[in-house]
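Have a look at the structure below, then the notes.
Per-chain numbering from 1; labels A, B, C, D and E assigned in written order.
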Amino acid sequence: MTKADLMAFMPLIILAGGSVVVLLAGAVRPGGWLYELALAFVAAALVWTIALPATAAMPGLAVTPFSRFFAVFLDGTGLVALLLASGYNKRRGIVGEEYPATLLFALAGMGAACAASDLLMLFLGLEAFTFAFYILVAVERDSVRGGEAGLKYLLNGTLSAAILAMGIALVYCSRGTLKLAELALQAAPPEPLFLAGVCLVLVGLAFKLSWVPAHLWTPDVYQGAPAPVTALLSTASKGASVAALLLVLPLAAVWRGGHDILWGLALATLVCGNMAALVQSSIKRLLAWSSVAQMGYVALAFVALPAGGARAALFYIVAYAAAGLASFGAVAVLADGTDRDAIEQYRGLGYRNPLAGAALAVALFSLAGIPPAAGFMAKFAVFSAALRAGETALAVVGVLSALVAVFFYLRVVVALYMRPADGMEAAVRPLSISEGVALAIPTAAILFLGLYPSPLLDLLIRISR
Amino acid sequence: MMADPHLLTILVFFPLAGCLLVLPVWKRPAAARPLALGVMTGELLLALWLYASWQGLAALKPILPGYLLVEDAPWIGAFGIRYTLGLDGISLLMVMLTAFSFCVALAVSWRAIGEKVGLFLALLLAMETGIMGVFLALDLALFYLFWEVMLIPMFFLIGIWGHGRHIYSTVKFFLFTMFGSLLMLLAIIALHLLHAQQSGVATFGLHQLIATRLPAGTQLWLFGAFFLAFAIKFPLFPLHTWLPDAHTDAPTAGSVILAGLLLKTGSYGLLRFGYPLFPQAAQTLTPLFYTLAIAGIIYASLVAFAQEDMKRLIAYSSIGHMGYVAIGIAAWQPVALSGSIIQMANHGVTTGALFAMVGMLDERAHTREIGAFGGLWGKIPLWSFFFLLFSMASVGLPGLNNFVGEFLVLSGTFTKSPLAAGLAFTGIVLTLVYTVRLVQEVVFQTERKPLPLADLDRREICLLALLALLVILMGVHPAPLLDLIHGPVKILVGGAP
Amino acid sequence: MIVPLEHILILAGLLFFLGMGGMLAWRANLIMMLVCIEVMLNAVMLVFVGGSARWGTADGQLFAIFIMALTSAEVSLALAMVVYLHRRRKTIDTDRFSEMKG
Amino acid sequence: MEQIIFYILAGVAVIGTILAITEKHPVHAILYLVTSLFSIAVIFYLLTAPLVAAFEVILYAGAIMVLFLFVIMMLDLGHPEKGIAPQWRQWLPALALAGVSIASLAAVIVSRHASAAAAAAPAPAPAPALPIREVARHLFQDHGLAVELVSLQLLFALVGALYLGKQSKGGETK
Amino acid sequence: MNIYLALILLLPLLGGLCNALLGRLLPRRVGVIVACGVIWGAFACAVLAFVGFTGPVRVELGSWLAAFSFQAPIALYLDQLSLGLTLMITFVCGLIHLYSVGYMQDDPAWARYFALLNIFVFAMLTLVLAENLPLLYLGWEGVGFCSYALIGFWYTEEKNATAGRKAFITTRIGDTAFGIAIVWMYQLSGSVSITHLNSMGALIPAAVVTTLGLLLLAGAAGKSAQLPLSVWLPDAMAGPTPVSAQIHAATMVTAGVYLLARMFPLIGSSETVRAAIALTGGITAFYAATCACCQRDLKRILAYSTISQIGYMVLGVGVGALPGATFHLLTHAFFKALLFLGAGCVITALHHQQDIFRMGGLRTKLAAVYWPFLAGALCLAGFPLTGGFFSKDAILGGVAAQGGALYGGLLLLGLFTALLTSFYTFRMVFVVFHGEQEHSLSPGPLPQIMTLTLVPLALLGLCGGLLNLPAYLGYEGVLDGFLGSIPGFGGVEQASHADEIALQIVAATLSLAGLGLAWSRYTGSRRADALAREATGPSGAGFLLNGWYLDNLYWALVINPFNHLARFLWKRWDEAGIDGTLDGLARLTARLGGLPAAWSTGRVATSLFGLASGVAIILVYLVWVTLS
């Protein structure tokens, strides 16, 4: 490992080292400035990644523009999630160094997954962050739902890990190598064993991306986990999984079946997610099902992979991440130390907490794909990729399910602004600075990306080439 | 005179800037109201200034033939979307109507909106930006963006300040329009891709896309999607049911803007984009278009007759009146098209005025039930006078504005389709039937319930007098407006510019 | 290679899906579910080792070793979770943890 | 000779696994599983992977299974009469899914294409047994970062287990 | 000439606007003076125009509708016909305005009244002077609106407001046909100029001309209260009496006749159209005369008689006797205005009593009204040597000149109608003014201006014949000569002098017979009997009293179905049908949404099954793809 390599890998090292440092700091001085410390590490990683555009390749890991893009993306979401968590956790009595340290570790794992250049590292990275989330989801020990969510995530996660591993094993058996570049090269007519491996890898990743039929954990876990964790889980983890999928998919590039499988997944996910969200009464579950549906659009972008679907998927996931952070962040702020979860309980909150309400509304409009929010540009990108690839039928399904989606997003907006808040008067808690920042960043991102997506799109064109 | 294309940007975004100014003071109505008024008046003055100098602008011959001003800048290179705004006679007419209608909307809600005033004004201003954008955009993607953006403020306007089943209505309104526009989005993208395949140029520019050669089947599908979106906005029978609900439950300003502008975006879209982009498909669907428009006229007039709520009645009448606009576009003939465009402006003024007046009445009596009124001429003569005037304009009494549009539409249409025009003429009687019923039961006869009614105050008189003046002026001397749209209509009908 | 790779794969597949079947069936006992996961991961390791033998590279064996490490981490956490849940609800029947649904 | 041992071990492993997953008594199940794991360990050895075989015995059959037993005993779950074995109704869909999957996988494995591709590939017929030194060199030279990552993960397994295992201050909450 | 024409139109308009906008601020005296002054000013201008008239002129005052080939400027066309009518309209309306000053002296809403009256005059003059059809249509609709507003002038009574509404809607049904005709003509010729269209006749296919003619006839029927659109006029009597005189007798209702006469060069070339026009006119004249025989309301009698007289005019147009029709139009305007104004005097004097059976013996008490009224009645009844006699005769002469079974029948019908006319006219006169006054109320005082205005009208009515004396007297009628140069007016088939004299003798006899019949029935000893019998309603009288139950027919055939259809469409189609379907769709979607939500049972096993089934499906798919 040369010095240049070290510089390139430094963000990952900062995160990994940071997690240990936070652990130690927590042990030395419990209740100290742990979140601030963690924030500093994430920010350092973020700044480093942006400031030093170095590339490097080592066995298993390669820092490329692609991975650096994801590093920025992940660190950004991590930053917002940490900001959100600092206040939320204090109110909920989640103390200790475990939370920030685990979060840093999760970021490191995701970073590794995105920078993987062989299947081993990919697998380890994916499992590392999934593993971190096992802890984070159940971090609220006093909550009845936290434990249940943790159990569900754990069991699903291990099963999917086993499937993923089996897939990688089959791929290895048929080709004798784990290096992605080599695997993608030997394209010729793919032998069935190899394809079986790729298929199983796909199922393993489908779990992480909440694609139907591997989506059933999503609503339960999103609802049970603390809102800041959900915010991170629904954004960063999805982003890392998209990155992993983008790394893996070239393996099956010449196989028509891969397209067909994704087609089916996209269809089922779009329909299932949007329909189920229609009948939810809990806002977190609604957002969870909506996140399933949103992943359906990502799947749609993957179906159109040859027609620029990769950049559509990337743009979509960024837009979704912004909306996810804003919406779950707003839910975290508005829950306000209570178990406020039913949509009915959000009546009139848009006026009592204008900033959080506005952030939630903007996020919902973005999720619904209504301009000028980023979600519109994302859907635009996905639909144009789909149409360019000739997937008219799927695009129409996507559009129609988007219409259904508009309805349930509006329900929340209606509750926020249009229903009288009788009998639910609560003292107005002013937003803390960290919460304000945590909501402002994704909201601003939503609007900026909705109105001026060019820089990001150009960047994505460059890295997805 | 300097022909600065940035004027168009200012025209579009000045209200948005106003919105951002109002938001910080949204809790202080005393500050927000004058601010909003200033911005809207400024916008109106700008529009009028453009109108005053349009002939000078036309002489300068900008990039696109027929346009007075064109602003063009790259925006989203990756998608081939450009920021292209263009102002021609038709747009200018619509821009003036928009700026004016918003002033009217502000004036009618000056006192009527007592809660969350600042927010209301901010939403109004935001919507003005959206609507201005719709009338000026020449890039399909940009157009779509504005098209959707204008929905959001309206959604809140009806949802927050509406009455009755306002939430149902506003959600219905939003879903209806979204349904059409989402399919249109797909069609826009598809058209873009087909054009890119043919010419290798990725663009959403209207004037490049017009040159796309499309097989008949494809054209029909794409036009169908556009048509659906616009027909919902129009609204054409049987896609109209969102409109009575939305109008009825909206606050007065919302109704004024819905009737005055939002419906116009549908007809404007059809004549600016739908027909020029897909001429053959439009030809094919013309019989359907006629049928729906005429069915709408007759149907809406019949249903309007049965209404018990004044606003609902006027809402249905809107459907009928827009039917004439639809017929004129369907005929795609210079006289009819001129009539349609003039009728768009006329309907905006007349129906807007009627909604404003019902709003004033509602403010005083807290009911809009026709059966509750009667004999208002004796109690509030000024109100009744204006109401009678606008009602008569709405039935197309010659000398008032609606007649101009309707008659030109029917004249032009008759040269293309005598049957359609003949059937549409029956609407003239049916319109009279329900309007006269409304006038009689509200303005004439004897008082049915003792209601505490005060006649118009000075602000209302000024507003209505202005509207009345416009109604008469546009009815007696429509020539300046007809001249304004003459050139663009010629280009539209003549095919490629 | 002592036996054709296919035979190893079939053995591993058998074990893998037995484990999966067991995991699906043993919904009433969390411990048994974890046991079944172990069976599945074992099968994966078998494939890796078989592949390693087939191709003569070390990657497969290493992957197997990493899986072992991962498994230990997961099992320890999972068992901690079992203890935690059992302490709260006095049961390890997973069907009883279905408060959130819909 | 080795072939016969392989098939015998395979049989033992499968039967051990079947017994393990059908056994009602968790402790017995663990013991059956250990049997199965031992035979797999031997298979690893036969497949020229002695290091993995050793770890299998030490880590899997040793440490992990002991951990299981420990928890079972700690929670006092070792009462078969209290245990609820899956009913046929629960086994049926599970086995159906597993059966379909394995049938498909087997079909894929033995398919003509697969063997043809395998035959075509320049397979190093007598794969040289990798010396442990070689494996270790690979492990720490090529996959050093992976080792670091896994070690961190183990650390966090510890952290997480401790965190979850801690008695919450407020006692039981419902 | 331009300035006169412009002033003729502008003066009434300005007067109307002045009263409409400033009426509340001006003192009554000023407003009234303005209102009357502008009309007389217009009359003065008309006279000046007449003096300076040398031939038809076309004057363009400004642009109006102008889009591509559709050009409808504000252009006026002054020829003999429009000049004559302008003179008549401004004069009669001027008198009626003066009359109204007295009539409305106690009404607080005088400003609205005079504003509408002035605007009406403006619209009527526009109608007459318009050079193109859209502008004519403007006047056409404008008078319709003023009529609507004035019929319902006393709006607080539902009856009045409803009558106004009925008039507006019914006439507009005709207007629609007229509108279609206009756009059709535009389509055919690319122009809407009347002169241009009238010169187009030969180029347009005959079938189209026929259709156009029928459309115009329908338009005229609406405005001129011809069958089957006649139902509104009797109800229109709900308005103030001067309004009835001005709008529903002298001017507006004759607009249909004017239109047909104006467009005659175009439509007259079709035999069918002419027959249809003549038939409509003849039957309407007869129909209304029968109805008038049994009415008890003074104004309704006059209303039916108006319908009937306009029927004559239409008949005249139909047979091509355009000068005759115009002649009758003018004389009718004088004597019918006179009758209405007289009736107004009676009604005012009797404190708004309109039932003739509650009058009687007013001859002496209201002598100032009686004599002019009698003059009007004589004209209406076609008493020999009155204006009405000659003008009606000109029409009947035209019918006679046509020959053939159809026109022969129409001639007989017309003659019979003349008898009826004479009968009901004198029935009215005798019942109101003669006999005892047992039922009668004592008349109150009348403003002098009301009775004074009757005099010039009476003179004009009686001497109207001088305008156009029959040809056998040896010199050409003034009016014939004046109008002759207008296209379509010249070359009227003239009956031979002998025939004409014979016809006049027959007509005079019939008129006298009617007088005698009425005399014998309503004066002297039989009067009480007759009145009592009619008051109880003899059999068959109901039929005539209710206008042959035409209203009931419309209720049953049109209005009730319309009401029900409207309600049905709203409730069943719009709300239950469209909205119901959409709501159902929404509910169905929500129900379907329950399916994937129900899949999420909350049990871990379910989600694990999901994953496992994903594996199974994907592997089966793989096998299916690779091995098949």
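Going forward, a residue touches a chain if its C-beta (ideal position, glycine included) is under 8 Å from a C-beta of that chain, and two chains touch if they have at least 3 such contacts.
The chain lineup, named per UniProt: A = NADH-quinone oxidoreductase subunit N; C = NADH-quinone oxidoreductase subunit K; D = NADH-quinone oxidoreductase subunit J; E = NADH-quinone oxidoreductase subunit L.
Predicted, not measured: the structure shown is a model, and the values here were computed from it.
Novice: What are the mutual neighbours of chain B and chain C in this structure?
Specialist: Chains that touch both chain B and chain C, as defined above, are A, E.
Novice: On the document's contact criterion, could you list the chains that touch chain D and likewise touch chain E?
Specialist: Both chain D and chain E are touched by A, C, going by the contact rule given at the top.
Novice: For the pairs C-E and A-E, output the one whose chains share more C-beta pairs in contact.
Specialist: A-E
Novice: Using mean Cα positions as chain centres, tell me which chain lies farthest from chain E.
Specialist: D
Novice: Based only on mean CA positions, could you tell me how far chain A sits from chain B in angstrom?
Specialist: 42
Novice: Would you mind pulling out the distance in Å between where the CA atoms of chain C average out and where those of chain D do?
Specialist: 6
Novice: Just give me the whole-number Å value for how far the CA centre of chain A lies from that of chain D.
Specialist: Once rounded, the distance between the two centres reads 30 Å.
Novice: Averaging only over C-alpha atoms, locate the centres of chain B and chain E and give their separation in whole Å.
Specialist: Between these chains, centre-to-centre, one finds 37 Å.
Novice: Among the residues of chain B, which are close enough to touch at least two other chains?
Specialist: none
Novice: Going by the contact rule already set, what residues in chain D reach two or more other chains?
Specialist: 93-94, 97-98, 101, 105, 108-109, 111, 113-114, 118, 143, 146, 150, 153, 156-157, 160, 164
Novice: Residues touching two or more other chains, restricted to chain A: which are they?
Specialist: 120, 124, 127, 131, 134-135, 138, 141, 144, 151-152, 155, 159, 192-193, 195-196, 219-220, 279-280, 407
Novice: Which chain pairs here would you call touching?
Specialist: Those chain pairs satisfying the definition are A-B, A-C, A-D, A-E, B-E, C-D, C-E, D-E.
Novice: Can you check the complex and tell me which residues of chain E touch chain A?
Specialist: Going by the criterion above, the answer is residues 586, 589-590, 592-597, 599-600, 602, 604, 606-608, 610-615, 617-619, 621-622, 625-627.
Novice: Report the residues of chain D in contact with chain C in the complex, numbered from low to high.
Specialist: The touching residues are 2-3, 6-7, 10, 13-14, 17-18, 20-22, 26, 29-30, 33, 36-37, 40, 43-44, 46-49, 51-52, 55-56, 59-60, 63-64, 67-68, 71-72, 74-75, 77, 83-86, 90-91, 93-95, 97-99, 101-102, 105-106, 109-110, 114-115, 118, 123-125, 127-128, 130, 134-135, 138-139, 143, 146, 150, 153-154, 156-158, 160-162, 164-165, 172.
Novice: Tell me, which parts of chain E touch chain B in their complex?
Specialist: Touch list, chain E to chain B: 62-70, 134, 137-138, 140-142, 145, 148-149, 152, 155-158, 161-162, 164-165, 168-169, 172-173, 175-176, 179-180, 182-184, 186-187, 192, 562-563, 565-567, 569-571, 573-574, 578-579, 582.
Novice: Name, in rising order, each residue of chain A that touches chain D in their complex.
Specialist: Counting only chain A, the residues touching chain D are 9, 16, 19-20, 23, 58-61, 96, 98, 101-102, 105, 108-109, 112, 120-121, 124-125, 127-128, 131-132, 134-135, 138-139, 141-144, 174, 189, 191-193, 195-196.
Novice: Per the contact definition, I'd like the list of chain B residues that touch chain A in the complex.
Specialist: Contact set of chain B toward chain A: 75-79, 116, 141, 144-145, 148-149, 151-152, 155-156, 159-160, 166-167, 170-171, 174-175, 178-179, 182-183, 185-186, 189-190, 192-193.
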